[in-house]
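These notes open a run of structures that come right after.
Both complexes shown next keep chain A, but they swap its partner, so chain B is in the first and chain C is in the second.
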Partner chain A sequence: MTKKVVIIGGGIAGMEAASTLSRMNIDVLLIEKKQQLGGHVGEWDHLFPNFRNAREITRSLLYDLQDKHIKICTSTEITGISKKSGKFEVRTTQQQTFKADSILLSTGFDLFDARKKEEYGYGIYENVITSVDLEQKLKESNVLTMASGVIPKRIAMIHCVGSRDEKSGYFHCSKVCCITAVKQAIEVKQKLPHAEIFCFYMDLRMYGKKFEELYREAQEKWGIQFVRGRLSEAAENMDGSLQIKSEDTLSGRPLKMNVDLMVLMIGMVPSESTTFLGKMLGIHFSEDGFINHDDIHLENNLTNVPGIFTAGTVTSPMTITDTIADARSAALKIATYIS
Partner chain B sequence: MKTEGKKRVWEDYQKEIAEDHYYFQRSCIRQNFFPGSETAFLKILTGELGRDIMDDPHHTTCTGIGYHADIVPFDTTMTVVARHFALMTENGYENMIISCVTSFGIYTEILETWKHFPEVLARARRYLKKATGREFNIPKNVTHASDIIYKFKDQIAAKAKYRLINQQTGEPLKVVEHIGCHYSKMFPSWGVGGAEFPYVLQGMVESWGGEVIDYPERRHCCGFGFRQYIVRANRGYSVANSKKKFESMKPYKPDFVVCNCPGCTMFMDKWQYTISEMEGKTYDEYGFGIPVLTYEEMAGLVLGYDPWELGLQMHQVQSEPLLDKMGIPYDPAEKYKTASGKTFRLPAEPTSLKVCV
Partner chain C sequence: MTYHHFVIPFNIGVAVLFAIILVKFTIWIVKLEPVDKKLIRKNFFSIKTLEAVKESFMEGLLHRKIFMVNPVLGYMHMSLAFGWFLLIVFGNFQAQFYTRTVIHPPHYPIFFNFFVTSPDEYLFKASFEFLMDLLLLFILTGLMIAITKRFYSRIVGLKKTTRLKFFDRLALGSLWLIFPLRLFAESFTSGIHHNGNFLTGTLGDAFAKFLPVEQLALPAWWGYSIALGAFFIALPYSRYMHIPAEILLIFLRSFGVRTRRNYSSYSDIEVRSCSRCGICIDACQINKSLGMNTIQSVYFLRSIRENNVDDEKLFTCMLCGRCENVCPVGIQLSDLRVTQRTKNGVRNTSSYDFLNPPPYKIADVVYFAGCMTHLTPAIKKSMLKIFDIAGVNYYFMDSDKEACCGRPLILSGHYENAAKLIDYNKKLIKKSKAKVLVTSCPICYKTFKEDYRLDIHVMHHTEYILKLVEVGILLLEKGDSRVVYHDPCELGRGLGIYEEPRILLEKVSRLLPSDDEKENALCCGGSLAGFNLSSAQKNAIRDDALASLMKSNPDKLITSCPLCKKTFSRGTKVQVQDIAELIASSAYVPEKKKISLKPEAEPVPVLS
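Then we have the complex of A and B:
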């Protein structure tokens, strides 16, 4: 009898795990609460480190989902999950009930709500936007402007907003923000060659393939300026520009300057869906709010509940490359478990 | 500036403020520098709002200045505060109003310490019992006096004789609001509106017809800062910080500044004189400086109290230009008279800062 897996979360982790399982002749039901698959990547424009169009990724993953073993339910949320005689029963908002031998949680991450960093004025100051807002602007228009429609001359990109931040309650590193800032700074410079761009960082974590090279290119080719210092506050000037304060910790001096636009590099936080489902299933969480692995080296797709697995950013922030690898790994673990 | 965004922040930082029956904890320095403010507060609470408030002559300093100057140890400060709680308890009160922001910071720091470290609370109880034989209850509600005026701002507005409106132009007065650091920067949830976009003073200003200015250095220190001022060698730093604020607010042409902390009110007022003497600079259009009021003085003016009864003549920057804008009558001949009708010795005139004698 064909085994069946329910995958909850139709971002890139869930999509990749579904196609990998289907290639092993395992039936998959992929459930996504939004109308479309693709998760956060589906809303992104271009990807680091090579400026690849994000749609290429989602298109490729969608293509692989065209398989007789895969069923997809979008606009569907989970209302309950129970386990009887080794089988899971999954109930949804569409009043459907599905049976499964295993469940994969790939419910991803939420974006940090930048309004929580009140001192930066997101949602209050006209010219404070997030990295996600910037990506949308880059996607929708060839021109980047301030709220007034004027072209910005000085732009500050603020790293680690909602990451490695005790005040926000999130100690973890979101891993992708440093390189995203470098990528976006270059893209902005390409659109606005005369603009000055400043990146305010704590550390630059250029750990991935071609990350360091892109960081160097940002400085040498594009003239992006990197200031080691965490922003203490932003305030709005009379003309809508922003006065920002920081400390240049390399020169050991306080710094105050005006910029026209400020971009907050918001981090990844545990998703509400993951927390809701995890609590329902009795899954253990780490102190950071992401799902915990008892063995982070050898059993990193397993949860404390037999039959329930994880893939992607439900356990910690990840790049796309790492998410895809994690999803494939989860599929193999599930295949082993249900056989 | 998006007001909607600010409103969302304000919604996150609303605090419980008791309705009635308060034990009043006075401020040491406010009674000296703004002698009419606490009197006005009591008059508003009892006379205008019909509230029950106990003004107890038995309480002492909270030791705040000494504590922040590293002269008084925490355990001593804690025991003094415990005694004030004992006085409140003995008099049958459960709600405490604190007049001074430094004291408010002391009380909130101690209450938060006791919440997280019950053994420290037990120690405070033991010290107080040993020293005075007293016992105490922790207040059910602890507020700063500005919280109380904020709570009743609309009732005060209903009784207003004057509004924060320029009578010559019909425009709202432009007001700089400045909260003390120890009001909500230590514990944002203890302040109305939190720390970054506080609403306690802005709520009053808006309710009484004025308009608050949000200028770039709004959050910057007033220039007090205990070590900046108490250590004499650091006073230049204190003036420099105040100057930074004045330079930043000047283009917005504020009609006055309102503060809820005695240190802020004092330094933003008196350093204007100092800067004028040092550099010949003033920060209004006509050389009179920007008046700096306490929130009770602002409320008192709105309610039609006599400016000299409120003690405005005790400020460094004189308030006649503001009174003229609000259409408030005043008698210059009464300005420097005592309650018994004698005239004070007239203050010396500054070199640059204009005053109405």
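Then we have the complex of A and C:
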């Protein structure tokens, strides 16, 4: 009898784990609450560090899902999971019940709600947008404008919004925002060659392959300016432009400037689905709200509940590269567990 | 017979007690600030003295406020204080009726039953004897609660009772002995003469059957006298000094004396008036939510008395005022903590030279948003919208966030620095020639009211918006969202603004009740004053407050403080709004009014 794995969450982690398991002749049921697979990557336009089209990733992962071992349920949410003599029983909003030998949680992350950082004025000032809004704009249109339709002359990219921020309640680094800001700054500069672009950062964490190179290119080739300082607040001027206040901590002086558009690099926070399912299953969370690993080095796909595994950003923010690797490793751990 | 040697300890005790109290009171009064002395001179011969007498009776003897918080504890305090008081008063009457003279030695009525054993009749003899036994029983029941409380503090609702020093133990021990010894002394004597009432008589006759009461009576009277003497001598150096101190406090407070920004002689009287009842411990959210029970006001006041105030006690407190709200003695606990912060804080040498007065504007209303409001721009935007809808000629004084109101500096103990900011802001307010100052932040509001001494109206936006609505300049559309209102500490307990926001909310939404509201509102945990609390601790306090507010499942949580808004919005999915936002979204101006609002018309804010 073939073993069966239920994967909850059809983002790139869930998709990659599903195809890897199927290649090992394991039956997989992939459950996704949205209509489409692909998760947050599906909403993205181009990817760092090489400006590759994000659709290439999702398309490739989707292609690999065409296998007799894989069954996919979209627009489906989990209502309950119970464990009986080593087997899981998963109930869904479609009134279905599935039996499983193992469960993989790949429910991903949520985006930080920028309205919680009210001093930056998201949702209050019309020319404050998030990195996700910017990506949508870049995807949908060839020009980038202010809310009034005017071409912005000065744009500020604000790093660490909802990350490394004790007051927002999130201490952790979201890992992808620094390089995303660099990538988006270059893209904006390409569209608006006359615009001045400022990145306000705490530190620049250019740890990945080709990240540092891209950061250098942003400065040398595109003239993007990096200011080390955390934004304290923004106020709206009569014309809808924004006055921002910060401290340039390299020169040690307070800084006040007017910008036409402000982009908030919002971080990754633990997803509500993960919290909901984790609590239902009795899974341990670490203080940052993501799922905890007892052994962070050697067993980083395992949870405290035998038979339940994790892949991707349910445990901490990750890049696409890391998520794919994590999903493959999870598939291997599951295969070992159920045999 | 009116004298026996055993009365000596009692008489010494009384003499020492009165002498020490006299000296202490004199020192306290002499040391009062000149402004306070002036208040006493001004109000001494006024109705205020009578009010103080009444309050002394209600609080010092009946302990009305303790009763309201905790009936068992109230009964305990009342039976001891009021019972003893009546015992002395009626004891004196009894002696006067018996001797038919007004003057007699002070010990005579106290030991009346020792001196008077003859069956001579006098006016109301039976009533007096019954009453004196009844009062003794009354006191003894209270004493039983007190003893139980000492060992099992939970019975009276306290989670943790207070710790004792040597003189406290001496006073407490002798206090516990006084009334049982009186009971025994009177019972033994009545056992000899068979003349006691329902309590001492019954007991005395019973004792006489198996005890040598004739030998025991005199030692019991000695014991009673020694216990009294010991208690009186220990009293001024023990916690029981709170009894005379509280009476003095009540009088001074009635005359208008207060603890201000610096620790004064009056503050000292307040500190000594603490009865160590421990009610503040239960009210404290740092105790309830964090399980920390070392920093509460009762311990803080003790550290002032013992001169070992530490940073933990000083800076962990959020100054939410919940303890002050329940304090039966009415001590200004928050202000006292601020005076100690000022005294013990690190000196701040910041210069404020960077402050350049911005261009000011002549206007009817000065609007001061406050730093926190600048960090919650939805509130600021809503207020500006309301001013515009109402056609108010206003001057947005801190539009560029020039200077802080000064309160955060005051709360951290830097009054001198705050004074510089206050001075700067005051000049701007004066220059604008405005008649009203409106602020969106209760923290600023409190300092504008208390430290600025402005001769114009200072209003929080809840009050101001309500005024605009009342005079018909602002019309509100009734919505159907179900809202719960959170009283900010500084606006509610700090300045007593409870009704204005509720009247407004009734007009625009469906206001739901909550468990802890008005005076009993919980602090959001975001307080600027709780310097020692970590984010996790503040979040725990916030989450407990949210749990209480969310019981009725509201659509929105409304508050009227930018800091409360900011704090709560991080802890819940439910929408958190300032009252100004809700009003701005439901406000409109009647067409007719729009036309009549000419620039030269009456200033818009009509004041009471």
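Convention: the second predicted complex is superposed on the first by the 339 of 339 C-alpha atoms of A that agree within 3 Å, B and C clash if a C-alpha of one lies under 4 Å from a C-alpha of the other, contacts with A are read in each partner's own complex, and residues count from 1 in each chain.
Assume a residue touches a chain if its C-beta (ideal position, glycine included) is under 8 Å from a C-beta of that chain, and two chains touch if they have at least 3 such contacts.
Small disclaimer: the values here were computed from a predicted structure and weren't measured.
After superposition on chain A, the partners chain B and chain C are seen to clash. Of the two partner chains placed around the shared chain by superposition, chain B is the only one that A:126 touches, whereas chain C remains out of contact.
When the two structures are aligned on the shared chain, A:237 is found in touch with chain B, with no touch to chain C. Contacts of A:118 after superposition on the shared chain: both chain B and chain C are touched. Of the two partner chains placed by superposition, A:304 touches none, neither chain B nor chain C.
Of the two partner chains, chain C is the only one touched by A:168; chain B is not.
Taking chain A as the common frame, chain C overlaps chain B at a single listed stretch, which among 132-140, 330-338 or 546-554 is 330-338.
Under the contact criterion defined above, the residues of chain A that touch both chain B in one complex and chain C in the other are 115, 118-119, 121, 123-125, 233, 235-236.
On chain A, the positions that touch chain C within their shared complex are 115-116, 118-119, 121, 123-125, 166-169, 233-236. Chain B contributes residues 1-2, 4-6, 8-9, 194-197, 214-219, 251-252 to its touches with chain A in the complex. Residues of chain A touching chain B in their complex: 115, 118-119, 121-126, 233, 235-238, 243. Those residues of chain C whose C-beta lies close enough to touch chain A in the complex are 374-378, 381, 535, 539, 565-566, 569-571.
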